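Each chain gets a letter, A, B, C, D and E, in the order it is written, and its residues are counted from 1.
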Amino acid sequence: MIDLRVHELTTAYDRADVLHGVSLHARAGEITCILGSNGAGKSTLIRSVLGLTPPRHGSIRLGDEELTGRPTHRIVALGLACIPEGRKVFPRMSVRENLLAGAYRVRARDDIRDSLEQVFRTFPRLKERAEQLAGTMSGGEQAMLSIGRGLMSRPKMLVIDEPSLGLSPLFVKENFNVIRRVNDGGVSVLLVEQNVKQTLAISHRGYVLAQGRVVAQGDADVLRENPEVRRAYFG
Amino acid sequence: MFARALRSILAAAVLLFPVTSYAKDTVKLVFIGPLTGGNSSNGLGGRNSTELAVKVRNADAKARYRYELVALDDECKPNIGVQVATKAATDRSIVAGITHYCSTVAMATVDVYHKFGLPVVVWGAVLPDVTYAQNYREIHRINGTMINQNETAAKFMVAQGYRRWAIIHDTTDYGKGHNKYFSQYLTRNGGQILGTFGVTADQQDFSAELTKIKDLGPDVIYFGGTTPLGVRIRTQMDKLGVKAVFQGTSGIVSDAYVDGLGKQAEGTVAFREGAPLERLPGGRRFMEQYAAQKYNDPPEAYGPFAYAAANLVMDAIERVGPDRRKVRSALNATKDHQSIVGTVTFDDHRQNAVPLITKLVVQDGKWIVWEDSDFATGKRKLVSR
Amino acid sequence: MNVLLDCRGLTVRFGGLTALNGLDLTLKHGETLGLIGPNGSGKTTFFNALTGLYRLVAGRVRFGGREMTGASPQDLYDAGIARTFQRSRLCLTLSVFDNLMIGNHRRLSRGLAFNLLRRRAFEQELREHQARSRMLLETFHPSLPDRLYDPAGELGMIDRRRVEVCRALIGEPRLLLLDEPSAGMTHEETHELMEDILATRARQPGLSIILIEHEMGVIERVSDRCAVLNFGEKICEGSYASVVADARVQEAYLGSE
Amino acid sequence: MDAGLLGQYIFNGLMLGIIYAMVAVGFTLFFGVLDVIKFSHGDVLTVGAFVGLATYHGLDALGVTSAPVLALSLTLAAMLAMGALGALMARWIVLPLRNAPAINVLLITLMAGTVLRELIRLFYPAGANPKPFPRLLPTDSLTMGSFTLRLDNVILLSVGAAAIVGVHLLITRSRLGLAIRAAAQDSETARIMGINFQMVVLVTFALGSALAALAGVTAGLYYSEINFGMGLLLGVIGFSAAVVGGLGNLYGAVLGGFLFAALQTLGAVWFSVPAYKDVFAFALVILIMAWRPTGLIAEKTAERV
Amino acid sequence: MRKIFRPAPVWPALLLLPLLGGYGYVFLHAEAQWQVAILALAGVAAILAAGSRRVGAALDRSWRAAPSLLGWLAFVVAAALIYVLREDHFALLMVATVLLYALVCLGLNVQFGYAGVLNFAGAAFFGIGGYTAAVLAAHTALPHLVILASAGLLSGVVGSLLVLPLLRTRGHYAALITIAFAILFRTFLEVNDLLGGPQGLKVPGLAILGWSFNDSIVVDADTEFSFYVAYAGFSLVLFTIGLILVWRLERSWLGLSLDAVRIDETAASVFGFQVARWKILAFSLGNVLAGVAGAVYGMMTGFVAPASFTLAESLIFVSIVILGGLGNPAAVLPATVLVVVLPEKLQFIQEYRYLLFSAIVILILLFKPAGLLPRSLRRYFPSWGKA
């Protein structure tokens, strides 16, 4: 079990500051959610954590390791996996190949096979369509694939960026259940979402971002009642 | 004879221990040829040969002047040729030039030399028009044209009993010109042309053309072009099982052709203007001296012409002094000048009326004069059917 | 009823994905419509379809009483539709003035002779546009005219947004499409921008606006009417208060329990 | 035209096509991962052939006489050396220009190609001349009418085809290939999966360049002759084949290569002046591009440049 | 207006121009290796300095203080340089060559600097101009100015054959079309004997209003100017016209439209720009300029042949535009000097010069990716913008 600490993070993206001194702590073994409307800075936060957009100031620590300044593939090697926004499956690869790409860092063939079986157990649909090109699947199936791919490396920390995007409520529910089960298995989760209720329902703690700042934080139950949350969406 | 030998020993000695003589005036000559690009092996061979001629002359204590060679690169492109020709011709310190291997460039530059009055001797371009299309007194040519060569070639090959030809030529001026004159003389002498194939100069693959030719079944494949293509075509003939005599032009008379083909080169026939080098004492000496310089590139077919041209020019300067007009007149009047490529006599268009076309054949990995070969005596056959 | 825009059954598909599914939408002259909905609900797709960038699979568009279904982007611009983009599409290497003139395309004299030979006449025209640009920028912020000659890439986010809105406005369109103008801005900046939009409306009463926005405060303050999209369909329409109170909208945003 | 002749034309075209395809595959690989055109590719081919030749002479001097050993080791040496060269060029010339306009990459690789070509011409012993390439393959032949099938050609054709199939398998079946394809389809997500993007780029350039070296050696063994300018036209044709087929697509590159060979062979047969075949082939290329603007098998459009 | 405009000092540019003229003179006459080396280094240093902020700004200020005066002065300095060189045929030939090549590059600059339409067949269009001049001047009695115009026109018309595929394709796919055309053009000329085949054609000299350019200009019995004075002067006039044309194009709604289309086709179409129209305009204009330049060049060198109009030559044109700075018409001139005159000045290293030249270009691209003199913001008039 591993935790992620973000301290005083400021990230500029396209010359406009979109994170202004954000601090947060995703505790080990918990689901920590980050809520906020579009443009609040959630994706930039994820990009900074992953090393895709280097931050200007601040630090990000995964366990004892400082992440800032490391290239993405080394960050991932520390046990972090990401389910990116918009799913980002590799469209011209089969489902199986997409999953194998998720296990790129894993060397042991047996481990890969086990992970694959586990993902197929979780998402039987993926097994049925193992040889289909990912780009030809429906949005919901792609979402499953993206989650499955994120699990293939057996991460210690899973970063999930807007898994509900463009999905029907039924799919969202299913996916959230999967996330909860993954977490039950000991994986820390950092969940970025705009879907407040369902997110808080499965999260332990949460942060609310608005215009690049943390405007509210706390335990999920407490946060649910916090008027800042509603204000972050409906003004 | 004895004096000559002595001179050459002296020259060799001076080459080894260069002595600068301060008393002599310096005279500048220009060499122009392709030093970069696809034709650079010929250009570099020509430049080295010219340089050698100048070195030898400078080492000669009896020479009145000290010669300095300016070498310029025409890239085998007419526009660059005009540029460097202008540079040389307008440089008043340059007295005469040894110029051009590529015919297009030679054609493009004649006006420049005429306009600025620089007497030049063309050392490698073979297109007849270079000398015959105008009447400029500045332009001379030491090598023969493709007319002479192809007339001999056609007559000789028909006399050997061949009747049916396929012709491949590259689409440069060189290849097209050879095609034109050879076809003309061949039909006049009773040969038959089954097909003519123009190919581009940078072409690698000739299997389509050769397959067609194989179907036509000629006795001889005539190739008008230079060594790189010649090597490729000859190789690919074997690959496709085309059995015919391979007949080339002066463009393939090079060490590179023989080296490039190895055993396959055996029996290739080609023709070159000028006397066979090794038959003249000067020619053999040239080859020895050239080898002694350890140049990176061989002289190639036209190196001797460049060497001879340089000597022709320097001889003229020795006689009349470093004055362009006088040198021009002296060159114009060249008659029975002995050189390593044979006797040089300029006709009314200042074209060397080379009396001799050498017939060559590859035997045992060497270009040798036809008459000395086993093929002439009938010991070997050009092609085994 | 004075209808400016009338869309019926707009449908857009990408491969298997239906991004816009039989959308009906009307807009009156001078009306401001807030278009909301969760991420990926088809709002921007609607703009792209309306400006001729996406081909419609089905449906038709009437604009200003004219049939405009399947019209090219150029025709739609000529008819009077101008827009901003969600991710700023200013030409960052060009000056602010140049960017404005791109939006002012309809008024520029494009003849070869005029531009190349008649430099005095050209200068005359240029000065007029320059003055107009200054005035327009001035109304958004007093400091903006000073940046007329700066590269757009050197502006801060809010000023870029402003310039983008000015670029859409300077050609005096009849319909202005604003795609998330507040994205990437601070609270204060968003507020300022909102005031700018209100001021623009006050100055040009005939101008109709469709506004995509996640900042509900902006929608509340600016729009006359709201439409909510989800999964490419309109799920609700009406005043801001009624829309926000609607259970379907709550669910679309906050999710179901 | 009799069957033997037709067979001969087809075989010639296949041989030509396999060389083109090998070059085109390189272009398409580079474009796939980095969206760039490496114009020095043809010259890398040339250098590869010369490295092979130098290796031969070296081994020959050491007294190695076995033809298969020589053939194998010169091919390997050429491929290894060019693989390294390709990676070096990617690292020092292509990657530094990642954010510059694509045309800069085109120009800088073009110039790098000139440097390579000139280095051979000037510093390889008598490099300005065509060099004989050793004949190391058995030349037994089978003649059927006007069709001559030679064993060495068959070997070359098979090796070329095997190499392309090998690359295909590598790309589609191996872990490395997975990384290459992932980087090509979405470099950012590939990085998120833990793929070292820069490493993938270097490996891809090494792979493509090694293939070019193989094409160079194949051309050497097939034509028994190499020269410093051999890569120029091969490079342009390989590029054309890759683009016509559809950049970024392996099948497209192979298709483009064989298409180009077919056009040239057809042109040479049709026209009384075979030199028109290039005019014909390139004119058809323009027409094809007008008809299918992103190539015959469109996979990925070239947004950059 | 709160700002107080102070007249900017004119002297930096005023001083620079004669300096440039002097430099040009010395450079053209430099022969020894060390001279060329020093001058080349000084030139590069000067260009880099001009690209730097402070020096560039100072020059910019003085330029804006007196644009027409300095513009005229630049022309006069160039004319004076030609006059000073009046007896030096070769130097004048180089001057004229540089000016004509620069004219072609102005055209290419419009094509891909502004409209973003790549053209790897610049030399082909240059060649079309040259061949048109060769044929028309030899076989018709058309006035030569008409011939020059027809050369430009024909070049534009031939280019329009490529417009359809060019408009449909993008990026590398579009690049292939012009590359294919460049190869096709050269091969066609060479294979076909209609236009002289590989040997090419002789081109009569230019004659305008009865004044034959190929005759030396005889002043009196002792003084005779090189006939290249006429060509260099004429080329200077043509280049100046071209420069002013392209300058005006850039500083007008046309330039703005081209930029908009290049930078963001989608946004441009949303604002009503007819993308195809602008691309066609830029492509044709560029080809016309190349054609006219080619005609004069052909008449000056007296000879056109396929070998002069290869793909390699086209790439030289492209490299000039990129080295100078994409979109900056004024940068074309120093870049042409670099690309055309430097290899010539490097003749003393003979066969090694292309090696060195390529290495220099690689270094420039690595360290100055935007070119030696990158384009600055559009300024519709000299007085435009902030002081």
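Note that a residue touches a chain if its C-beta (ideal position, glycine included) is under 8 Å from a C-beta of that chain, and two chains touch if they have at least 3 such contacts.
This is a predicted model, so every value here is computed, not measured.
Novice: Chains touching chain B and chain D alike, please list them.
Specialist: E
Novice: Fewest touch steps from chain C to chain D?
Specialist: 2
Novice: Could you quickly compare D-E and B-E and let me know which has more C-beta contacts?
Specialist: Result: the pair with more contacts is D-E.
Novice: Comparing centres built from CA atoms, which chain ends up most distant from chain D?
Specialist: The most remote chain is C.
Novice: Using the average of all C-alpha atoms in each chain as its centre, how far is it in Å between chain A and chain E?
Specialist: Spacing between the chain centres: roughly 55 Å.
Novice: Could you please state the distance in Å, as a whole number, between where the Cα atoms of chain A are centred and where those of chain C are centred?
Specialist: 32
Novice: Round to the nearest whole Å and give the separation of the Cα centres of chain A and chain B.
Specialist: Here chain A and chain B have centroids separated by 76 Å.
Novice: Between chain A and chain D, what is the separation of their C-alpha centroids in Å?
Specialist: So the centroids are 42 Å from each other.
Novice: Send over the residues of chain E in touch with two or more other chains.
Specialist: Residues 187, 190-191, 351, 354.
Novice: Residues of chain D touching 2+ other chains?
Specialist: 118, 121, 273, 275, 278
Novice: Considering chain A alone, which of its residues make contact with at least two other chains?
Specialist: Counting only residues that touch two or more other chains, chain A contributes none.
Novice: What are all the chain pairs that meet the touch criterion?
Specialist: The list of touching pairs comes to A-C, A-D, B-D, B-E, C-E, D-E.
Novice: Which residues of chain A touch chain C in the complex?
Specialist: Per the stated touch rule, the residues are 13-16, 18, 37-39, 135-136, 138-139, 162, 164-166, 168-169, 172-173, 194-199, 201, 210-212, 233-235.
Novice: Sort out for me which residues of chain A touch chain D in the complex.
Specialist: On the chain A side, the touching residues are 50, 52, 71-73, 76-77, 82, 84, 88, 90-93, 97, 100-102, 104-105, 149, 153.
Novice: Residue numbers of chain E touching chain D in their complex, please.
Specialist: Spelled out, the residues of chain E in touch with chain D are 112, 118, 162, 164-165, 168-177, 179-181, 183-184, 187-188, 190-191, 311, 315, 318-319, 322, 326, 351-352, 354-355, 358-359, 361-362, 365-366, 369-370.
Novice: Write out the stretch or stretches of chain E touching chain B in their complex.
Specialist: 88-90, 93-94, 97, 187, 190-191, 193, 197-200, 202, 226, 297, 301-305, 307-308, 344, 347, 350-351, 353-354
Novice: Give every residue of chain E touching chain C within the complex, in rising order.
Specialist: 245, 248-249, 252-254, 256-257, 259-260, 263-264, 266-274, 377-378, 380-381, 384-386
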